[in-house]
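Going in written order, the chains are labelled A, B, C and D, and every chain counts its residues from 1.
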Amino acid sequence: MDPEPPAEAPAGPSIDTARLETFADGVMAIAITLLILEVRVPGVAGPRFGHALIHQWPSYAGYAVSFLTIGVIWVNHHHMFKLIERTNHAFLMMNVVFLMTIAFLPWPTALVASSIRDPVARRPATLAYGLTLVALAVMFNVVWRYASGRGRLLAPSVSPTLIAQSRRGYAVGPVVYSVATLLAFTNPFISLSIFAALAVYWLLPGSGPRAS
Amino acid sequence: MDPEPPAEAPAGPSIDTARLETFADGVMAIAITLLILEVRVPGVAGPRFGHALIHQWPSYAGYAVSFLTIGVIWVNHHHMFKLIERTNHAFLMMNVVFLMTIAFLPWPTALVASSIRDPVARRPATLAYGLTLVALAVMFNVVWRYASGRGRLLAPSVSPTLIAQSRRGYAVGPVVYSVATLLAFTNPFISLSIFAALAVYWLLPGSGPRAS
Amino acid sequence: MDPEPPAEAPAGPSIDTARLETFADGVMAIAITLLILEVRVPGVAGPRFGHALIHQWPSYAGYAVSFLTIGVIWVNHHHMFKLIERTNHAFLMMNVVFLMTIAFLPWPTALVASSIRDPVARRPATLAYGLTLVALAVMFNVVWRYASGRGRLLAPSVSPTLIAQSRRGYAVGPVVYSVATLLAFTNPFISLSIFAALAVYWLLPGSGPRAS
Amino acid sequence: MDPEPPAEAPAGPSIDTARLETFADGVMAIAITLLILEVRVPGVAGPRFGHALIHQWPSYAGYAVSFLTIGVIWVNHHHMFKLIERTNHAFLMMNVVFLMTIAFLPWPTALVASSIRDPVARRPATLAYGLTLVALAVMFNVVWRYASGRGRLLAPSVSPTLIAQSRRGYAVGPVVYSVATLLAFTNPFISLSIFAALAVYWLLPGSGPRAS
C-alpha cells in the first residue's frame, strides 16, 4: 500500500523464502481440504438414501482427481523451492497469482460434478475446469521461469543443465492441459478422463521431477 | 508436471521432512475444524428451538468422535515423524493419498449425523463412515511401512525392535475398523459405538505409542 | 492407533513443542476465520437490501465478539507456550480436547446471532454459547495446570511464584464465564453483554498476563 | 484470561515474532481461500447453464479483486515483519484486530457480487466493501505506527529515513480507500473500479515498498 518505494532499500532480491513457502502451503492445504465441502449429503430418506449415495459418484471422483492434482502441484512446488533461495517483490506477486489459480479449483470441481449427467451443461463445466488447469500450469511455469531466468533466485549450486531440463519438463503441462481442454468440444468425457489420468500418472513413482 | 526427471538428480531420499509436516498439519487442522460446519442452526423458532437443539445431539456426537479421531491420528503422525528424517517423491505422494482420506472424514460424519434416526439410511451412512476409517488406517500403515521398510527413511538410531513393535501396533487399526464396519450389517449402532469407543480409548494415557 | 506402547520408549516427556504450537495455531486461525461464513448475504432486493444489512447487526456483533475471544485465547496460548518446553502424550491429547472447544465456537455464535430477536429461543442459544466458553476456559486451565504441576513440562527457569500467580489468574476464567452463563436464566442480554465486555477487556493493554 | 499480570514479568517487549507471523499467515491464507466459497454453482440445466456461467462474472471479478487485495496485504505484511524483531502484548492484540478486518472481506465480496445488478442494493453493498477496506488500511497503519514509533519493536539497523518514508507511503491507503468509498454515493461502479485498479496497481513491480 505504498506507491513510493523507500529510496535506500536494496534493489536486488534479498527476502528469504520461508514465509512464502508457509503461505503457499497454507493456501494449498486449505484449497485441497475445502474440496470435501462440495460433496453433498443426499436429501432423500429410506431405501433411496443408499442409491443416492452411489448415484453421486461424480462428486467422489471429482474430489479424488482435484485432490490428487493439487497434491501433485504441492509436491512439485516443494521440489522447486528446494532450488530457490531468494525472493523479491515481483516473485511474491507472481506466487499470489499462481495461488489464485489453485484456490479457484474447488469451484470448477463442483461445477463438473453437478453437471456431468447433463449432456449440454457438462461441456461448459468441463471447459471451466480445463481452463483453470491451463491457468494453473501456465502460472507454475511463469513462477519457475522467472526464478530460474539467468539463475535469478536460485542457489548457485543449481546446474544450468538441471534448469534447462526442468523448464522443458514443466512446459509440457500447459500444452497437455490445453489439448485436453479443447477436446471437450468433441467430447467432455475425453477431457475429464485425461485430467484424471494425468493426476494419477504424476502421482506414480518415476513420473515427477527429482530436483532436490 | 514433469514427465522427464532430470538425469543428474540424486536417486535416493534427500528432502527434509519439515515442509511435509507443515502441509500435513495444515490439512489435518483444516479437516478437524471444518467438522463444525456440519453442525446446523435449527430452522425453528420459539419454544421448539430448545428442543431442536437437544434433538440434534447426533451432530454434536459426530463432531466429538470425528474430532477426537483426527486428533489421535495427528498425535500418532507427530510421533511417527519424530523417527523419520528423510522423504522422497514416492513418500510425499503416499502422504498426499493418506491426507485425502483424512480430509474426506467431514462428509461421512455429516452423513451419519443426518441419517441416524432413519432405520434404513443409517446403514449405508455407517458403512461410508467405516470405510473412510478403514482407508485412513490402511494408508497410515502404508506410510509407516514404506518409511520404516529396511529403515528407508528413518534416523539410524531407531532400533529394529521399536520398528517391529510399532508395525504390529499400527496394524491393529485396519483390522479393528474393518470388523467394526462389517458389524453395520448386523446393527449400525454397534459400529458407531465402537468408532466412538476407539477414539476415546486412544485418547487416554497409556494407549498410544510412546515412540519419540 | 497402537494399543501396545513399545517397551523401550522413554517414559518421560521428551517431544518438543514446535509442532503442537503449529497445529494449535492452525486450528485457532481456521476457527477464527470460519466465523465469517456465519454472516449471511441478505436475500432481499432493492430498497430493503440496505435495511436488511443493518437489521442483521447481531451477526456482525457475534463475529466481533467471537473473533476477539479466540484472538485473546490465542495470545494467552502464545504466552503459555513461552514457558513450556516439553510435551508428552497426555499433554498432546489434552490440547486436542482444548482445541475441540475452540473449533466449536463458530456454531453457538451463529446460534445466538440467528435467534437473538426470538424472546424464547435466545435463552437456549445463549446457554449454548456460554457453556462453550466455560468448557474452553476449563480446558485452558487443565492444559496449564497439567503443564505446570510440579513444573512437569516447563523450562527450569520459570519461578514458582510466576506459576502460582498465573494459575490464580487463569482460574478466574471458568468462574466468570459460569456466572455469566447462569445469568441467562434471568436475562440472556446480561450474559451476552458480559461475554462481549470480557473479550474487549482482555484485549486492552494491562489486562493480560505478561509471562514471557 | 488473567486480569492480574505477574509482577515479576518483564515490562518491555520481548516475545519473538515467529508465532505471530505464522498465525497471521494462517488467517490470511484461509480468508483468501474461503473467497471461492462465494462463487456459486448455477442452479439451472441444459443450454441455460453456459449462459448462467457467463452471467455470474461479477463473482469471478470479486474473487480476483479480493484475492489480489489480500495477496498484496500479505506481501506488505511480509515486508513489514522483516523490520520488526520483537512483539509485546499490545502489539499482538492490535494484530488480532487487524486480522479481524482481513477475515471479514469474504462477506462484502459476496455482497457486492450478488447485488451488482440491483441499481439500489449495489450502493450499500459497495459501501460495506469500501468500509472494510478502509478499516483494513487503518489497522495496517496502526500496526506499523505502533511498531515503528520511537523504533519500539524494530531492529536497531532500521534507519529513521526508511521509517518516515514507509509511514508516509502506508498512510496513502486509508485516504485513497476513503475517497473511493465515498464516491459510491455518486456511482458505485466508480468505487468498485478504483478498488480493482488499486489491487492490480499494487501487484505490479515497482509499486510496493522494497523495505527488506
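The criterion applied here is as follows: a residue touches a chain if its C-beta (ideal position, glycine included) is under 8 Å from a C-beta of that chain, and two chains touch if they have at least 3 such contacts.
Quantities reported herein were computed from a predicted structural model and do not represent experimental measurements.
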Angle (degrees, nearest 5) of the CA superposition of chain C onto chain D: 90
Interface composition of copies chain A and chain D: same or different, split at half: different
Distance from the mean Cα position of chain D to that of chain A, given in whole angstrom: 25
Chain centre separation (chain B, chain D; CA means) in Å: 35
Multi-partner residues of chain C (at least 2 other chains): 22, 26, 30, 34, 37
Category of the chain touch graph - line, ring, star, complete, other: ring
Pairwise chain contacts, counting only pairs that touch as defined: A-B, A-D, B-C, C-D
Of chain A, residues touching chain B in the complex: 21-22, 25-26, 28-30, 32-37, 39, 41, 45-47, 49-50, 53, 63-64, 67-68, 71-76, 78-79, 81-82, 137, 140, 159, 161-162, 165-166, 168-170, 172-173, 201-212
Touch list for chain C against partner chain B, complex: 1-11, 14-15, 19-20, 22-23, 26-27, 30-31, 34, 37, 89-90, 92-93, 96-97, 99-100, 103-104, 106-107, 110-111, 114-115, 118, 120-121, 123-125, 128
